[in-house]
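Chain naming follows the written order as A, B, C and D, and within any one chain the residues start at number 1.
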Amino acid sequence: MWKFFHKLASPPHFYQFAGKIVPWFAVIAIACIGYGGYAGLFVAPVDYQQGDAFRIIYVHVPASYLSMMAYSIMAISAGIGLIWRIKLSHAVAAAAAPLGAWFTFLALATGSIWGKPMWGTWWEWGDPRLTSELLLLFLYIGYMALRASIDDIAKADKASAVLALVGVVNVPIIHFSVEWWSSLHQGPTLVREGGPAMAPDMLYPLLAMILGFTFLFGALLLGRVRTEVLYREYRARWVRELLLGDGGTT
Amino acid sequence: MNFLLSGHDLCLFRGDKCLFNSLEFALNPGQLLIVEGSNGSGKTSLLRGIAGLLEFEQGEIHWEGNLLHGHYQAFRADLAWFAHKVGFKDDLNLLENLRFEQSLHSFDEGSVMAVLARLGLDLLTELPLRSLSAGQQRRVALARMLLSKGWVWMMDEPFTNLDGAGRSLVDAVLSEHLANGGSAIVATHQPLEIVGDVKRVSLS
Amino acid sequence: MMEVLAMGGYGNFVWGAYGLTIIVLAVCIVGGPVRHTKAINDVRRRIRAMEAKS
Amino acid sequence: MTDTRPLVPSLWSGFVGIVRRDILLAWKRPGDVLNPLFFFAMVSALFPLALGPSSEQLGSIGPGVIWVAALLAALLSLNSLFVSDFEDGSLDQLLLSPQPLTVLALGKAIGHWMVSGLPLVVISPLVAISFHMPDQSIKVMAVTLFFGTLSLSLLGSIGAALTVGLHRGTALLSLLILPLAMPVLIFGARTVSLSTSDDAVSAGVYFLAAYCMLALTLAPFATAAALRISNE
């Protein structure tokens, strides 16, 4: 088991392994999203309160789940990279940030579209989830801005790792403070917490969508990490052999 | 054999460019290591790497027989650093700057005035450093070395901005330090007139 | 059929949200290989430049 | 020669040394202290001018305006926290000193707070009075700003350490720090505005104090790590 991980942490092995695994992830993702999307739109029964508008849940919830997931992946791998000096794990952090930002944007946009028919407004500051999501987007933007402004990759990796770790300590506090703040004027929420259990017909498509989004995210992430690895390892012999074939001048 | 300070298989890149590769050095008490090389050959980077300000791509440094990594805190107590930038505050005067120095480093309090007199700074103690000339500021940095109790001196281009008298002062001060059993690493592209045990490392 | 598409009057919102999702995911999915091809070209150029120098 | 290893001054003397040096520097360049203060006062004055002098409206927006102005003023002065040390080589000397960098980073943040946050706490009652805020709120405002500005100095020192030497200015620093500073802003401003309607304020004050303690214990480590990375 350890041997497997150790081997995986070496860039050329990872590059090959990820290249093989991405299509499988994509197949699973397409299957899950295909079923979940169809069932969510056409099979699941209409919600007794929200009508058909509730069907947005099937894209909103997976997106917001992954936006937070991506942040934890980013922070954890940044921490691992900083402490154990594993370059690959910095590459994972670098790849996770823009994807996380996209999913956060998606969660915000679908939440806002859902909010319009429910609250009569595109944006409701009283909803703590949307507000936290907005702050999460700012955190991603800060992280990417810091990365972009440091030319040296190794330095950018380490500096942004510190920022990601500081951010991850803050995320629960931000979430808590936004919740406290909105509880002062009882804002409406889109997703009922601890409400009546969802009917299986509604629940299964949601689970399928979450699973599908997760695998899609995995495939996208692995693909991006491969790109990052190429940039980081351009001095290594295996990259040279891979890209230029062997028999070069040196 | 144990050296005071030694480096093995050091390698450093700056961007695409390899500054040095499998570089070795060893230093004992009473010895001076001169790092030679043209501008941009990585002299400063080597010094900063040894001091722990930047990481080498590969290789390791040993200090008193142990791996230096993990012992930097103790090593720094033994280190005195002299670089292009003086590292004092322009808005404060000499005594205020030295007082701050005293709260960070081991410091030879008793001989402050004697050292300043030797460096020709004893009449300038009340002026903010910004009103001192570049050469005088270098002398102020030299005062830090003399007052420090560190045994390992690291100096980057110590002769910049110094006149003839200043240069011979550096030579004399360094020779004295070596004679007392201290050691030094000096990066320079100018000749030193040092009495003592001198080693060299060349960077191309 | 039209009734299903109308989504009980919420059609614009539901289809808007799903459409946006598809667009964002498509950007991510297409962006991957595009970036990768660019990376391969960039890195090739850098390796060649490095070898030309040495 | 190993047994003649030089003695290192105590941690406390290192901490006090750097705080004293930074206060002395601020004393010699009073503009660095006064500019953020004037900025704070002026931004606060912009709102009544822009919104009109109705005293009810001013009372209700006062807490938010004062807190946002304080946040921006703190960011403004944080930008230069490590820049001059970086430029004149003092930062190298700090990194190479035998004192633990964490202690020095804490000293820098505390020093910054004493010359920027503390004066702001002192003048905040004046601004609060001009916003027609009730007496009890003025007290709450000073207390929340006390903990809040200290937290901001500590948090901001991380951002300042990450961006030192990047020459990207205040914009990048704000991008990094503002989202992290949200809890402080939310609790600070809401607590003060709760106090204007005589609601309970202890929850908010406790939260800010707890956040401040967390920042005191963790931020110096992050700042120290960031300084080593930025100065490579």
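In this section, a residue touches a chain if its C-beta (ideal position, glycine included) is under 8 Å from a C-beta of that chain, and two chains touch if they have at least 3 such contacts.
Computed from a prediction, not measured in an experiment: that's the story for all the values here.
> Taking the mean of all protein CA atoms as the centre, name the chain whose own CA mean is closest to it.
D
> If you average the CA coordinates per chain, which chain's centre is most distant from that of chain B?
Checked the centroid distances; the maximum from chain B is C.
> I'd like the Å distance between the centres of chain A and chain B, where a centre is the mean of that chain's Cα atoms.
One centre to the other, that is 48 Å.
> Using CA atom averages as chain centres, what separation in Å is found between chain A and chain C?
It comes to 15 Å between the two C-alpha centres.
> Give, as an integer number of Å, the spacing between the C-alpha centres of chain D and chain A.
Once rounded, the distance between the two centres reads 32 Å.
> At what distance in angstrom does the C-alpha mean of chain D lie from that of chain B?
Result: the chain centres lie 35 Å from each other.
> I need the residues of chain D touching at least two other chains; which ones are they?
Only 232 qualify.
> Going by the touch rule set out above, which residues of chain C reach two or more other chains?
46, 50
> So which bits of chain A are touching at least two other chains?
Expected reply: 152, 235.
> Give every residue of chain A touching chain C within the complex, in rising order.
37, 41-42, 46, 51-53, 55-56, 59-60, 63, 99, 102, 105-106, 109-110, 113-114, 116-117, 216, 220, 223-224, 226-227, 230-231, 234-235, 239-240, 243-244, 248-250
> Which chain D residues qualify as touching chain A in the complex?
Within the complex, chain D touches chain A at residues 158, 162-163, 166, 168, 172, 175-180, 182-183, 186-187, 190, 194, 203, 207, 211, 214, 218, 222, 225-226, 229-230, 232.
> Okay, in this complex, where on chain D does chain B touch?
Counting only chain D, the residues touching chain B are 1-2, 4-9, 13-14, 16-18, 20-21, 24-25, 28-29, 84, 87-90, 92-100, 104, 228, 231-232.
> For the complex, which residues does chain C have touching chain A?
Per the touch definition, chain C meets chain A at residues 4, 7-11, 13-14, 16-18, 20-21, 24-25, 27-29, 32-33, 35-36, 39-40, 42-44, 46-48, 50-51, 54.
> Over in the complex, which chain B residues touch chain D? Could you list them?
Listed in rising order, the residues of chain B that touch chain D are 29, 51-55, 64, 73-74, 76-79, 81, 83-92, 96, 99-100, 102-107, 128, 148-151, 181.
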